[in-house]
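To start, the structure under review is shown below, and the notes come after it.
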Amino acid sequence: MSEMWDPVGVAVVGAGYWGPNLVRNFLACESTDLHWVCDTSLERAWNVVGRRSTVRATDRLDAVLEDTAVEAVAIATPVSTHGDLALAAIQAGKHVLVEKPLAASVQAGEVLVDEARRLGRVLMCDHTYCYTPSVAKLRALVHDGELGELHYVDSVRLNLGLVQADTDVFWDLAPHDLSILDFILPDGCIPDAVAAHGADPMGVGQACIGYLSMPLAGGAIAHSHVNWLSPTKIRTTVVGGSRRTVVWDDLHPSQRISIYDRGVELAGVLDPEEHRESQVSYRVGDIVAPALPEREALQGVVREFARSIRETRAPVTDGEAGLRVLRVLEAATRSLANGGALEPVAARV
Amino acid sequence: MSEMWDPVGVAVVGAGYWGPNLVRNFLACESTDLHWVCDTSLERAWNVVGRRSTVRATDRLDAVLEDTAVEAVAIATPVSTHGDLALAAIQAGKHVLVEKPLAASVQAGEVLVDEARRLGRVLMCDHTYCYTPSVAKLRALVHDGELGELHYVDSVRLNLGLVQADTDVFWDLAPHDLSILDFILPDGCIPDAVAAHGADPMGVGQACIGYLSMPLAGGAIAHSHVNWLSPTKIRTTVVGGSRRTVVWDDLHPSQRISIYDRGVELAGVLDPEEHRESQVSYRVGDIVAPALPEREALQGVVREFARSIRETRAPVTDGEAGLRVLRVLEAATRSLANGGALEPVAARV
Amino acid sequence: MSEMWDPVGVAVVGAGYWGPNLVRNFLACESTDLHWVCDTSLERAWNVVGRRSTVRATDRLDAVLEDTAVEAVAIATPVSTHGDLALAAIQAGKHVLVEKPLAASVQAGEVLVDEARRLGRVLMCDHTYCYTPSVAKLRALVHDGELGELHYVDSVRLNLGLVQADTDVFWDLAPHDLSILDFILPDGCIPDAVAAHGADPMGVGQACIGYLSMPLAGGAIAHSHVNWLSPTKIRTTVVGGSRRTVVWDDLHPSQRISIYDRGVELAGVLDPEEHRESQVSYRVGDIVAPALPEREALQGVVREFARSIRETRAPVTDGEAGLRVLRVLEAATRSLANGGALEPVAARV
Amino acid sequence: MSEMWDPVGVAVVGAGYWGPNLVRNFLACESTDLHWVCDTSLERAWNVVGRRSTVRATDRLDAVLEDTAVEAVAIATPVSTHGDLALAAIQAGKHVLVEKPLAASVQAGEVLVDEARRLGRVLMCDHTYCYTPSVAKLRALVHDGELGELHYVDSVRLNLGLVQADTDVFWDLAPHDLSILDFILPDGCIPDAVAAHGADPMGVGQACIGYLSMPLAGGAIAHSHVNWLSPTKIRTTVVGGSRRTVVWDDLHPSQRISIYDRGVELAGVLDPEEHRESQVSYRVGDIVAPALPEREALQGVVREFARSIRETRAPVTDGEAGLRVLRVLEAATRSLANGGALEPVAARV
């Protein structure tokens, strides 16, 4: 897809796990022109760039930030460095894309949002899943009323994961589920309370297994199970409604989304004196798996980043979306410290 | 399998959802001889017995309890009636098998256990899953140390379930997971605290979706997700250990049990200053799906019932096992009323 | 479902692998009344009847055939005995249901069909799969034109099967696929030629692995893979059409039937000089898995048997249907002997 | 993996479907240095190279063949052009890698093999699957005797495929299965006869659905089902042996290879007079899914190409392997023209 404007000059900071994916997608995108790959390890940066490329590798962030051809910077470094690096880039006048989570604390995230607004820069959070055809479909089904009233959102995200020293499994994996929840729920109604239960059976020093329970408006509930210690990989989200229920199984490429026209029907609050059969009935209808395009979500991320810059507007997953996710994460951390008690999610003052 | 002793004369009380399964299995078992099927609806009892049978149908429990050919009674009625019916049967001198959960309260369950002990009768709880080859294998793997130290037990039990007026989803479905946990954990170490989160998005009057979190000794955790509103049927339990992890998928008949020789290896508590790669490693070994016999669990239940009667011993899932499950359920109910706070599971005084 | 007429008095001959299923279904059916179970082994017959039944067990077929209460006989014995037993029953004035295949040869089958017609008795072949909701749906989709023109029918039926001395894998398993094909194809258009390839790698004395290719009208093809030596169990049939394609996976209970609105579109015969892209396009639409009732096919078989008797009409899978399957099997046997050459399927003179 | 020698200078000819994959893998391989991408469409070549590359794009094959920095050429063009392009490259002194099938006829393939031998150039056929960890495991299991005697090889390769004007489904898809068969069978014992059944239900002008049956030594059989008209994608190969059976499901990334310790045991040729139970028994053992590395097969192809050049030896899948596949394809084409008759596979004189 060709655009009317010049490609956006970009640099990628961080050549570890996620950076190479950003590099590949910036190179493949017509709307962006990649100039630099920067990493604390020059060798790592070089390896990502490769022998046959005119992209420059460096271990000097200054060189990148001083380059006027670089209009935008994508940051894919450890979470603890997001705040400082993103702030430096914004203050150098760059638009910024930050890998999730936006920062290591709500406070650090708020500094980024405020500074980007003050300087008129785009601040985007790489909530990659929001750019998949599957999540777009989930959102449409919720927003168009196809599911009826929302009953529950249940996410499971398991893997033999990257046990980390500077972050627990909640901060590592739950941002995916929380950003999806933020994206698909009506009016961005993120949960206003959360209870977290975790376990560190290996003695790593922080939770490797985690469960989040989040009451939602109208008696509904959201729940997320994240786990670094599972030998099997599972990525499913079920969104249950009064009319239909959607199952998203991201690892089932031929049928990622299944819409079940099934449910329980009630005549009202059950009366224990009456026969159940007269009060409860079941609807067992068809399953429909809608055709979805196969495209890489990250290509959507880099294009939205470029477009929001050229159109001087907020991106779909902007700094505020990143902040909303951070607020739930901080509340989860408090709940964990309080034995799993339900903690309120602070709204921004 | 023929036994040395006469078959045990039995009666089934309750011809609703589960009763017919008990009838079929008592008829197929060489160690039992079914005399009666009893239900408040005589027609329902007749339908279960059928035209070509010499088993008698009745709606009079007295007739059953007065029949001296009846040595044992199996009760498959609504939970709220378990206590009174089982007590009547015990006091009439019958051995008793009760569908799970044992009773509607810990107190009612304790009365049964005490009275059965006083009168020297067998009291067995129909924890059906404990008699499957899969759960037997799970137990053996845990007890033989094949899994190493226990890290987590995660159960998911979803269905378009029987929404009920006199019980919530925890009391309906969680007894399966709790009885399995009780059976497979070393030394019957049932959890000593539980946090419950539930939702009633349809306004039924009680939870239709539930999550139980149970800290276990040594930093491990057990978690159970039970749900009546799912359009898909899922029955899986994952038991994660330091050496191996077992996935039990009960709806995958050709490979119910998969043992993963995979895991995360640590050199100790992680030091954030060190590179992760030097401290964490992954073991990716084979998956083994052991051959398991295909046999109906309920056949094992009725045979164990008969044997424990003839051998005058406690059955594998005795009244005490039923009580341990009830105590977790009552603590879960308290937690639910307290906004999900962690509640201690009272031990018997 | 209650009928207006008296239940049909029946007897089951053969208490081996399939007989007990017939017994169970005759007992459960309101339209039939089971009187006898007959087997060359009296013990086997007794075991099927059970302790608490008023059904009689016997090893004397005469006793069964002489009993005037017995109006109909179901035969579930080895294939080689079908012809003689069914003939004896018909000549004794009984209606007859025969397990597939109808007989061990076309000639033996023709004798049965002729004699049943002469004496005005119902002759039914137990083509069980034709009574499943899945095959009923397949037939409806083909007949209603939902699939467009038929392109192919591909069946796979694998199992660690019952290697047999008196029959090969074609005669054992292919009757399922051929009877389904006979049932779903328009106008009962059974293939008019067949090529068979087989293998006997264990030296059993006959084919344990088999492939049948059958050209169909309009350039379409039917193919069946049957295999006794597979460690995995597979039962799938794909019916491909110009508009839609249906996949029936009988071992996937939550989604047995999937209708794919997908296909290749052509502008005509391809011109190698033109770019493919301008001549071929793809349609990638939704997958729909229609809700199907869960019911036992054999219950449909016994009810259809009873109804066709009381309504004095041919059953859906009558002797002629059984004959059509036999004719393909005999042609396959000839093809096998001729190195896989395409053999015509003889029509009845 | 770093090598002791200089990287091999390479060019890719053909920037259509497969060429970009070759480009990406040559760029990622330390043993190769990509200089050119050549296509009849210069724009297509440019698009593959991309904006930020020093690789040159061209539509002039001469320029590539005249470049002395180019030691080797990889050809990924339509099949009908393989012979001429590869011959030109060999005669220009280049080593050549050709996408499967090697050429459009045995004769054309033989010319390439002879000419490469005469000029001492490496001629390699891109039998990609032979470089997957799965096929390597299959080969090892067969060669190490783990499976016992070979009973059958059954392949299914379905897709909504690229219907083509200049090739049928046999020549498009069966080379995968035939090259795998050639690779895993002991002593490269490729089948010596083949029967082909095909269908062209859309009137494309050539077969879109195909079945190949190939008797193997010792009573075994190989069979391949290839299909362009399937809405579902299937890629499985089952290798059945007397001791174990392996199922390779290439689209099941978490368990691609499953080894079943299951089978049928016989006491000899079955005697129909004896009870089957006394002559046949079943072995139902564990399933083992060995841990396999996840790596891209094409990376193995380009590395083997480079190594065979530097080590002046034949590659694993050399021109002879390509020829053996061509001979089966030509025999299949003859069988198809002869109504499916078994055709001998001509050996090279």
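Labels A, B, C and D are assigned to the chains in the order they are written; within every chain, residues are numbered from 1.
Quick note on the criterion: contacts are C-beta pairs under 8 Å (C-beta built on N, C-alpha and C of every residue); 3 or more make two chains touch, one makes a residue touch a chain.
Being a predicted model, the structure only gives us computed values, none of them experimental.
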Between copies chain B and chain D, are the contact residues mostly the same numbers or mostly different, with half as the line? same
Name whichever of A-C, C-D or B-C reuses the A-D interface, so over half of the contact pairs are the same residue numbers. B-C
Could you work out how far chain A has to rotate to sit on chain C, using CA atoms and steps of 5 degrees? 180
Gap in Å, rounded to a whole number, between the CA centres of chain D and chain B: 52
The distance between the C-alpha centres of chain A and chain B, rounded to whole Å, is 38
Among all residues of chain D, those touching at least two other chains are 232, 262, 284
Contact set on chain C toward chain D in their complex: 149-152, 154, 160, 162-166, 195, 197-205, 208-209, 211, 213, 215, 218-221, 223, 225, 227-232, 238, 240, 242, 245, 247, 260, 262-264, 266, 268-272, 274, 276, 279-280, 282, 284, 339-342
So in the complex, which bits of chain B are touching chain D? 255, 261-262, 284-291
List of chain B residues in touch with chain C within their complex: 27-28, 33-34, 50-55, 232-233, 254
